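Pasting the structures here.
First subunit A sits with subunit B, and in the next complex the same chain sits with subunit C.
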Partner chain A sequence: MMRASGYVVLLSLCLVAPFSRAAAQGDPRLERLDEATRPVVVALIDTARAVGLPVNPLVERALEGAIKGAPGATIATAVRRLAADLGRARDALGSGASPVELDAGAAALRAGAGPDVLTRLRRARGHRPVTMALAVLTDLVARGVPIDTATTAVLTLAATARDEDLVDFRRAVERDIAIGAPPAAAASIRVNAAAREARPGRP
Partner chain B sequence: MTLGTSSRAALHAAAWSLLAARGIAAQTTATVDVGASTVRYDGFLPSGAASVTPAATWTRPGATLIARGSYLRFESGHRSLEGLIAASLFTPPALLPDGWRGEVTVSGGGSSYADFASFWHATGEARLHFVAPGRGAWMGATAGRTSYGSAARPVAVAGIGGWARRGWLMLTASASRSFIGDTAYTDVESTAEVGAGAWGLHGSVGARISSRGGGHGVYGAGEATRALSQRIAVFVSGGRYPTDPVSGSVAGRYLTVGVRIRNPTPRRPPTWDPVQRGRAPAAADGEATLAPQIEIRPAGDRGVRLLVRAPGASSVELAADFTDWHPVMLERVMEEGAWQLLLPVASGLHRLNVRIDGGKWIAPAGTTRSADEFGSEVGIVAVP
Partner chain C sequence: MFDDDAVERVVRYLRRSVRIDPALDHRVMEEIAALPAGPAVPAGGVWRWLTGRRLTLTPLGALGLAAAFVVAVVGVWRVRAAPDAVEPALRGFQFVLVEPHAANVSLVGDFNDWDATRTPMHRTPGDGLWSAVVPLEPGRYRYAFLIDGRLWVADPTAPTTRDDDFGAPSSVLTVGGL
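Moving on to the complex of A and B:
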């Protein structure tokens, strides 16, 4: 469920953006957008900046669409959606979240994590960055691990794990999936009592 | 040959699970191992055998159901059938303090060899797990019944274990004391598992000690698995295992070569965009084996080294959020078909695509490939 400020961001993007005049016009990277698309994207970005959201991920998303030859309307939709997700991520992670954390949070929300998951991860990590925990969570879901299982696994580790531990965990899951483990089981407790006897080849 | 009622029930359920795999909403993985073995059970002559081992694992958050069957046909023409069903339920994370999980497992199975030996067993196990980054431990207790032809015997097992993971290596150690009727024994066992890329190696060594009627000795096994694609792997395994009075397996030595076939891995693009929902997930099975593959390695002060393997390519370009989606040409390196780029890349989640010989932007293998919002795919990587 989107919180009130998330709606404010989305509403702002819809209502204010078309009338905005952009400081983002000064961003030379946006010159790579076609002339019809650029003002729309610039307006969206300026509106996001006005409500305190990081704009670099939005610029990057527009540039990704441009290099892939996407139509202007598709690029604008993608930027608008990302801005809304960044707003929801900020609601969940707190106003002190770094731009990189918000970007990772937006990706996790897009993967299907609820805002409460972001909040619990923030709480579990304390003052340490939550970026890698969110990145690993998103990556696991993209690999086919059910969101609840991925969330449980990352939350279990988040309180004490270093970023390197989380990356190691992700690699172990990736390898297990590669040699035949179900993604959900690969991300679960490693010595599941029900699975322990399943060695191949033993007659 | 004659199968006991419980064996038939176990195999029927295993077969049903495999057939129903695609119909279950939760995540289901089905595999079939087909192998050729040479086996020598203690007290018997060595024999060749062909085996088919179907298995299905059904997983939900906090629950696992495994059904497995095995059919062996020996040189003599005799057949062996075995079936097992095991289900685990984990406690919700909020029920116990951070890092602790409870697990309750029930399992039942049966086996039959030729027309004169049939077993069944039904057990329940409770485990308490402690999970920390890269390591964990558990303790558990099992109770149940097992039968070999005549009256059932009680089963009681107490065990402890621990595991640790460092990079590609995972180690476990466990000890258990078992009581099956008048038989009693202690097993201590350790395993090591190494995995890199498509390779998986597994080794175990154990000893049966303090035994009364369960045999003594050292046992161990090794296994190498090589994934050929997302659905097919080959394996070779061999070793010696002890008698298991619960499931009715007799101690023996074996060497098996086989192939494992599995159902497609369920993958989901990390987007809930309704426009994208109807698309086939990115990186579906059957991908071209010559698709470019990327590796990302730390390169000290210079950031990271992006290595793309693209045999036969004349040029390789990369565009990513960390290049501001400017195409950057990679340099050919000495290794055949390999191209590289050194770049400073911030820690976090990044999106990238590569282009071969000026073609279409694609998401290379080695990334988590996902539908983007522009009608194509993007590769996602986590840089530590």
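Moving on to the complex of A and C:
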């Protein structure tokens, strides 16, 4: 469910972008876009900047589309969708989230995590960055782990695990999958093992 | 060699409580005080050398001395300030692709603004292994390999992006720390 400010971001991108002045026009990287696509993307980026979203991921997404030869409309759609996801991620993670956290949050949303998952992860990590927890969640889903299983696993580890522990966990799951384990089983078994190791007072 | 009783007796002896005479400290300090004093440190000569001379400076010499003092102070300040001015640490990441039939491979992604000319990969002589090392700050990066300028390939060792908006796969690397 998108919160009110998420709708505001999306609405801004749809309504204001076509009429906004092109402050991003000065970004020389965007000159790689064709003449028809560039003003549309520039307007989207300016609007995102105006509402306080990080713009570099949007520029990079446009450049990715350009070098891969995507049609202008596809590039604009991708940039618009990423901006909306960044806005939803900010709603879920809080206004103090770093640009990298928002980028990771947007990817997690795209992977199927709900905004409430982002909020719970933020809470579980406390003052520590939530980037790696979100990235591991997204990566697990990309490896075929069902979103619910991946969410449970990462939430289980998030409160106590260091970034390195989360990466080790992801690698262990990936290894198990590579040698033939079903993704859901691999994640469940590994998270149980990690939780047992982290439990205080274990022999 | 030793029977159990002998071992037990040795253990008991070593574990016994030992009483230390409460006056031990006092006796040790008295012994130290009774030792003859060591040779005097010859510091007076240096002090006499320093204080027994009259230094005169010409205006030019004084200016040079002041300049040297300023240079020394600024130098110390710069050395002390340097660690605070350092950007987030860059870590070198090696990207590898096995592609024996490729004539050239580029590493392209968020870290080089999706510019295919900026990070050409180098082939290891004798096999089809292509590699490149890229210094990265903490962050999340999408990237892909471009083979012979026309074929996009995701990194088989890394997770693939879910949002493949452009019909060609990309991979994701997350560098922790932010």
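Everything that follows uses one rule, which is that the second predicted complex is superposed on the first by the 188 of 203 C-alpha atoms of A that agree within 3 Å, B and C clash if a C-alpha of one lies under 4 Å from a C-alpha of the other, contacts with A are read in each partner's own complex, and residues count from 1 in each chain.
FYI, a contact is a pair of C-beta atoms (placed from the backbone, for glycine too) under 8 Å apart; a residue touches a chain by one contact, two chains touch by 3 or more.
Small disclaimer: the values here were computed from a predicted structure and weren't measured.
Enquirer: Look at where subunit B and subunit C land on subunit A after superposing the complexes, then choose clash or fit.
Expert: clash
Enquirer: Report for A:29: first if it touches subunit B alone, second if subunit C alone, otherwise both or neither.
Expert: The answer is both, since A:29 touches subunit B and subunit C.
Enquirer: Taking the superposition as given, does A:47 touch the first partner, subunit B, the second, subunit C, both, or neither?
Expert: neither
Enquirer: Tell me which touches more residues of subunit A here: subunit C or subunit B.
Expert: B
Enquirer: So, A:161: does it touch subunit B (first), subunit C (second), both, or neither?
Expert: Touch status of A:161: first partner only.
Enquirer: Quick one: classify A:37 as touching subunit B (first), subunit C (second), both or neither.
Expert: neither
Enquirer: Output check: A:135 vs subunit B and subunit C. Expected answer is one of first, second, both, neither. What do you get?
Expert: The answer is both, since A:135 touches subunit B and subunit C.
Enquirer: Could you list which residues of subunit A make contact with subunit B in one structure and with subunit C in the other?
Expert: 29, 57, 60-61, 63-70, 74-75, 77-78, 81, 100, 103-104, 107, 110-112, 131-132, 135, 138-139, 141-143, 163-164, 167
Enquirer: For a test of understanding, state which residues of subunit C touch subunit A in their complex under the given definition.
Expert: Its residues touching subunit A are 108, 110, 113-116, 138-140, 142, 152, 159-163, 165-168, 170, 172, 174, 176-178.
Enquirer: Once bound in the complex, which stretches of subunit B touch subunit A?
Expert: Spelled out, the residues of subunit B in touch with subunit A are 26-29, 31, 33, 35, 37, 39, 49, 51, 53, 55, 57, 59-62, 64-66, 68, 70, 72, 80, 84, 86-88, 90, 93, 98-99, 101, 103, 105, 107, 125, 127, 129, 131-134, 136, 138, 140, 161, 163, 165-168, 170, 172, 195-198, 200, 202, 221, 223, 225, 227, 230, 233, 235-238, 241, 252, 254, 256-258, 260, 262, 265-273, 319, 321, 324-325, 327, 346-349, 351, 353, 361, 368-370, 372-376, 378, 380, 382, 384.
Enquirer: Which subunit A residues qualify as touching subunit B in the complex?
Expert: For this pair, the touching residues of subunit A are 29, 57, 60-61, 63-70, 74-75, 77-78, 81, 100, 103-104, 107, 110-112, 131-132, 134-136, 138-139, 141-144, 146, 148-149, 152, 155-157, 159-172, 175-185, 188-195, 197-203.
Enquirer: Name, in rising order, each residue of subunit A that touches subunit C in their complex.
Expert: 29, 57, 60-61, 63-70, 74-75, 77-78, 81-82, 98, 100-101, 103-104, 107, 110-112, 129, 131-132, 135, 138-139, 141-143, 163-164, 167
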